[in-house]
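Each of the next two complexes has chain A plus one more chain, namely chain B in the first and chain C in the second.
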Partner chain A sequence: MSTALPATAAPTTGRPPRGPRGLTWTVLRLHRTALIVWCLALAAATAVLIWMYAIGDEARRGMSGCATPATDGLPSCAAVDAITADETYSAFLGLITTSLSYVIFPVAAWAGGALIGRELESGTARLAWTQSVTPARWLAAKLAAPAVVLTAGTGGLLLVNLWARQDDDPNLVGDWYLPDVFLATGPTAVAYPLAGLALGALAGLLWRRALPAAGVGFAVTLALYNVLERYRDRLWPTATRSEQGEFELPRSAWQQDWDITWGRYPGEGTPVSTSATFHPRSHYWPLQYVETGIVLAVAAAATLAAFRLLRRRMP
Partner chain B sequence: MTAVTLETSTAAAPSRGPRGLLWAMLRLHCSALWFWALLMAVGVGTLLWAYGPGADAAWAEYRKVGCGGTAADLGCDFTVPAYSRYDTAVGIGAGILGLVPFLAAAWAGGALIGRELESGTAQLAWTQSVSPARWLAAKLAVPAALLTAGSLVLTLLHRMLWSSDGVLRMAMTSREWHHGITFQANGTLATAYALLGLAVGVLVGLLQRRTLPGLAIATAAQMALMAVTVALRPHLWPVETLTDKDEYPPFIGMVVGDGALTSTGARIEDPICVDNAKCLAEHDIVGFYRDYHPSSHFWPLQLVETGIVLAVAGLAVLAAFRLLNRRTGAAV
Partner chain C sequence: MTETAIEAAALSMRFGRRRRPALDGCAFRLPAGSVCAVVGPNGAGKSTLLSLAAGLLRPTEGTVTVLGQAPATARERLAYVAQDKPLHPQLTVADTLRLGHELNPRRWDAAVAERIVAEGDLDPAAKVRTLSGGQRTRVALALALGKRPELLLLDEPMADLDPLARHQLMAALMADAAEHGTTVVMSSHVVAELDGACDHLLLLGAGRVRLAGPLDELLAAHTLVTGRADASLAAHTVVESRTTGRQITALVRPEGPLGDDWQTTAPSLEELVLAHLRAPEAPALRLDDAREAAV
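Our next item is the complex of A and B:
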């Protein structure tokens, strides 16, 4: 927290030093380990995704229809089954997708523990406030610098992920309504970590101790994640389809409820009528926007609460 | 920690309840103890709900959609609301058991050891009548006892559910005995991994001597160790093999590998001839095999893995004691 040094040293050299200065520089310098870990994780994920894009065409050939022996238009099954790229592609894309949807948890624990809780516990925050930094500006820098780094990172990784998934073949990359696929293919991927940052920071300000704040930040985001996963299907009205007899929905439909009316003998023959409620593929964007809105609202409310709490405590 | 020595040396009559190091442990980590009690209450409550009303509702709904009759087809492969609620409840119970090892590692690396060494309260305790080795022994023994008790209770409840919902589970094909979290929650592994988490956390805490790095590295180390043991799991007991002349044997249990057999009995990678007789003759293929673990291998697999996990935990504890001894040996 020797922040003031470069700021006061600058005038003597005649020209301001290059790169980030003042509070931003302090935040980045203090949390350089976290920054390095984040950059390494992003680099590794990007490298894996580029590799996945490179084997994407071969993976799709490994999923294509086949015939034995090879007939016109269809390759031989032996050639198709010999391709192992589709398994590699599915496994690694699944790993990146799941990891991207879990970024909120380490972010919340870090924000509660290392970013805010530790500073208040050890008193370095109060030291900073006696320098030329007001508590509100201190918190603003603490939130803004990681928010920018997180948004850039998750946003970039999201775009690379979408690029590597190519045509979104559900056999290779999972159906759009699977929880982790949903969270790693749209704006929710950027919104969730920001909510983790805000909730973690609020937990840090409330508890003022590193470990309890890290635990509470993690627990709160775990609850948020699971509540939204549980009620995601209710964030937009479902479509309904009722027909005489029976029918099947396409795979792209996210089935919600299935109601079968039987005749005199339940379970025998063809049912009298079938009714299904579901989300068609076209509900993807409405669902994404509503959920992103909710998560960003949670982030904004937590940020507001953090500033009010800080102001009330520091008149 | 001063309170302990004062109390034991000055009080004429020994006070009731836990004393000495045990009392200090419970007092210091009072919030962790409460959290553990709360987590166990949630786990037990959820599993008991699933066992009673949850299972009843799922059964009623299962019969309503016409499954379980003569023609079990349409809708029976679709998870219906009451069953999915039941499945969620069981998933929460098993999920808590799956999460405990990581929580134990994070807590042990951060709060139990790292913080004490960072703030110097450990060194203060060692200047009282507590030797470093006894201090570490108490740090390990008390959480180990609580972790074991809690995990075993949840495991027993999970086993009780598992033995009662067989038909329902099979119809919905949602959980299998060899699936990761289910496999751990049905046997001794959940407890063994919780103890491994504690041991890894303690060792990392002693190595790092700082709270937050201790927490982060302990969690990461536990994840890495578990990734290795889970990958080893299918190879810990001899597999059973099914063979068939014309096609692949049925896909049952925990499948480890499959391929084609030649007339000499050698195993080769399947060239995928399907029904092409010329191709089959060319590769000298006379049959197909599939290596798998039937459900009767549950306990052998479970116990061998438990043994390995406990051995690794034991090594971590040994390393922790040696490290502490070497670091404090000169001072004592």
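Our next item is the complex of A and C:
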């Protein structure tokens, strides 16, 4: 019979045929509503992205050059104007992109409130700790199960998002350095919600009440999000380009600073020299890696602090 | 020598520096297989003591061992029902019992838990949030007994139950405990609900042990005496005395023969407890094999 099975928190080892057992089952069952909401949100987002992929070609035709009347292979402007797919495509991709970059906030509020804070407030955590599981294993399961679900969800949605964006035409999907585009197109999309989970759980353990913990979790992640957005351009050394006269940077460059040296009459004629600091498109991946590293380090530190707090409090 | 279920030595618990300690140097020993009542006024430290024994609190000073282990390592062998009977409101009764199974895979006895739930006419598909206080108590007790604990810690278990359910659950609890030799520690301030069920008593007052030991020995050590108000009880330890007119009624611990001036009767559990509650300064009495507890 199943009574002989070891209580395992890890879903990977010795999984019997009837789905998760032990603490994993407990965590999934207790937070079934959140799991259902998460799956529905992912399904809706995926459906929208598939639709966006389907209208992608039409949207790109709506952005093409035109002539009146149609000449040299260019379509007529009236025909291009009549295409509305490009607006739909931009709006919905923007919506999904922004939502994906904001997943950290509801996750932190949920982790502080429903996942940890409510259990400590209502005493159900003590119920778990007087069964055959230690508080540390309880917390490990409480963090691991949502972490796996979140990683799978955001990772999957990230891939579908990249697929739906196709050639990343900045006119349609926004420039790579826009805050939400940056966060929703790379590994940061996966790292941020994990940090939200860890910070929310830590807030729950600190405040031990659902509502304040949810608020604190939300506030802390809001601060993290804004600090990193504010200092994102400093996470990797910028490139500098100095030339005689004036020049323009390509659209794909994330401009940081312009320094124009004028001759005798500032503002008149051509400048003597121009110097620009910027992040070229090639800095996307270094910036992503550094920011993902920082966010994962925050998540790891919060997780460690949560375990230490629990260990210090419990005998 | 019998085995020890709970042993406390110089056990103190303080919540915050400025507050009075909830427990202050408690020492007692409870043999395995006994049914012990923990009584005392509100704020005496009953709940704190049970939480410490359940491994949910770290004592400020002193030690407590349960079943020969630190409480935190004896988790699997004990069950604890907190005063407010915390349960997950979003789970059904059946899922709550499944939770007990999943979290105690090596010990769970589904038949016991399901029987206790069934005796209360509870629908297994009902959500815990729809249950009354008494029904929740029943589910919480089913969860505790389904674990097949060697030590069962119950904090005010019967407070929410109607008299019939109280009687029936208490009988189920005692039958189960007798059958499996479970040690039961039950706190209450309703002394009547403990009478006839307990064989050990632990009376706490202001965080200290006032009385501890087998119930029959504690009762035998006390006598209820009635006599003329001018008669002397100086040779004996007077727990509490009341004078009405020219007559005095007192609960004493006789140190020798009481003499013919006094009418003596054996006190009931309730009289013993009430006298000690009314007289907080009365000296403590421990008959619980102090040699082992005084570590």
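Keep this in mind: the second predicted complex is superposed on the first by the 298 of 315 C-alpha atoms of A that agree within 3 Å, B and C clash if a C-alpha of one lies under 4 Å from a C-alpha of the other, contacts with A are read in each partner's own complex, and residues count from 1 in each chain.
Convention: a contact is a pair of C-beta atoms (placed from the backbone, for glycine too) under 8 Å apart; a residue touches a chain by one contact, two chains touch by 3 or more.
Computed from a predicted structure; not experimentally measured.
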Here chain A is shared; do chain B and chain C fit on it together or clash?
-> fit
Counting only touches as set out at the top, which of chain B and chain C does A:Ser132 meet: first, second, both, neither?
-> second
Which partner does A:Tyr231 contact after superposing on A: first (chain B), second (chain C), both, neither?
-> neither
Examine A:Trp285 and indicate which partner it touches, taking first as chain B and second as chain C; both and neither are also allowed.
-> neither
What is the contact status of A:Thr26 with respect to chain B (first) and chain C (second): first, second, both, or neither?
-> second
Inter-chain angle, chain B to chain C through the CA centre of chain A, in degrees rounded to a multiple of 10 | 90
Report for A:Glu246: first if it touches chain B alone, second if chain C alone, otherwise both or neither.
-> first
Which of the two partners, first being chain B and second being chain C, lies in contact with A:Trp163: first, second, both, or neither?
-> neither
How far apart, in whole Å, are the nearest Cα atoms of chain B and chain C in the superposition?
-> 11
Overlap of the chain B and chain C interfaces on chain A comprises residues 33
Which residues of chain B touch chain A in the complex?
-> 31, 35, 65-72, 74-75, 78, 80-81, 88, 110-111, 115, 211-213, 215, 270-276, 279
Would you pull the chain A residues touching chain B in the complex into a rising list?
-> 33, 68-69, 77-78, 81-82, 113-114, 118, 210-212, 214-215, 230, 246, 255, 257-258, 260, 262, 266-269, 271, 274
Chain C-touching residues of chain A, taken from the complex the two chains share = 2-7, 21-23, 25-26, 29-30, 32-33, 122-124, 126-134, 313-315
Note: in the complex, chain C contacts chain A through residues 54-59, 70-72, 75-76, 78-80, 82, 84, 86-88, 90-91, 95, 98-108, 143, 147
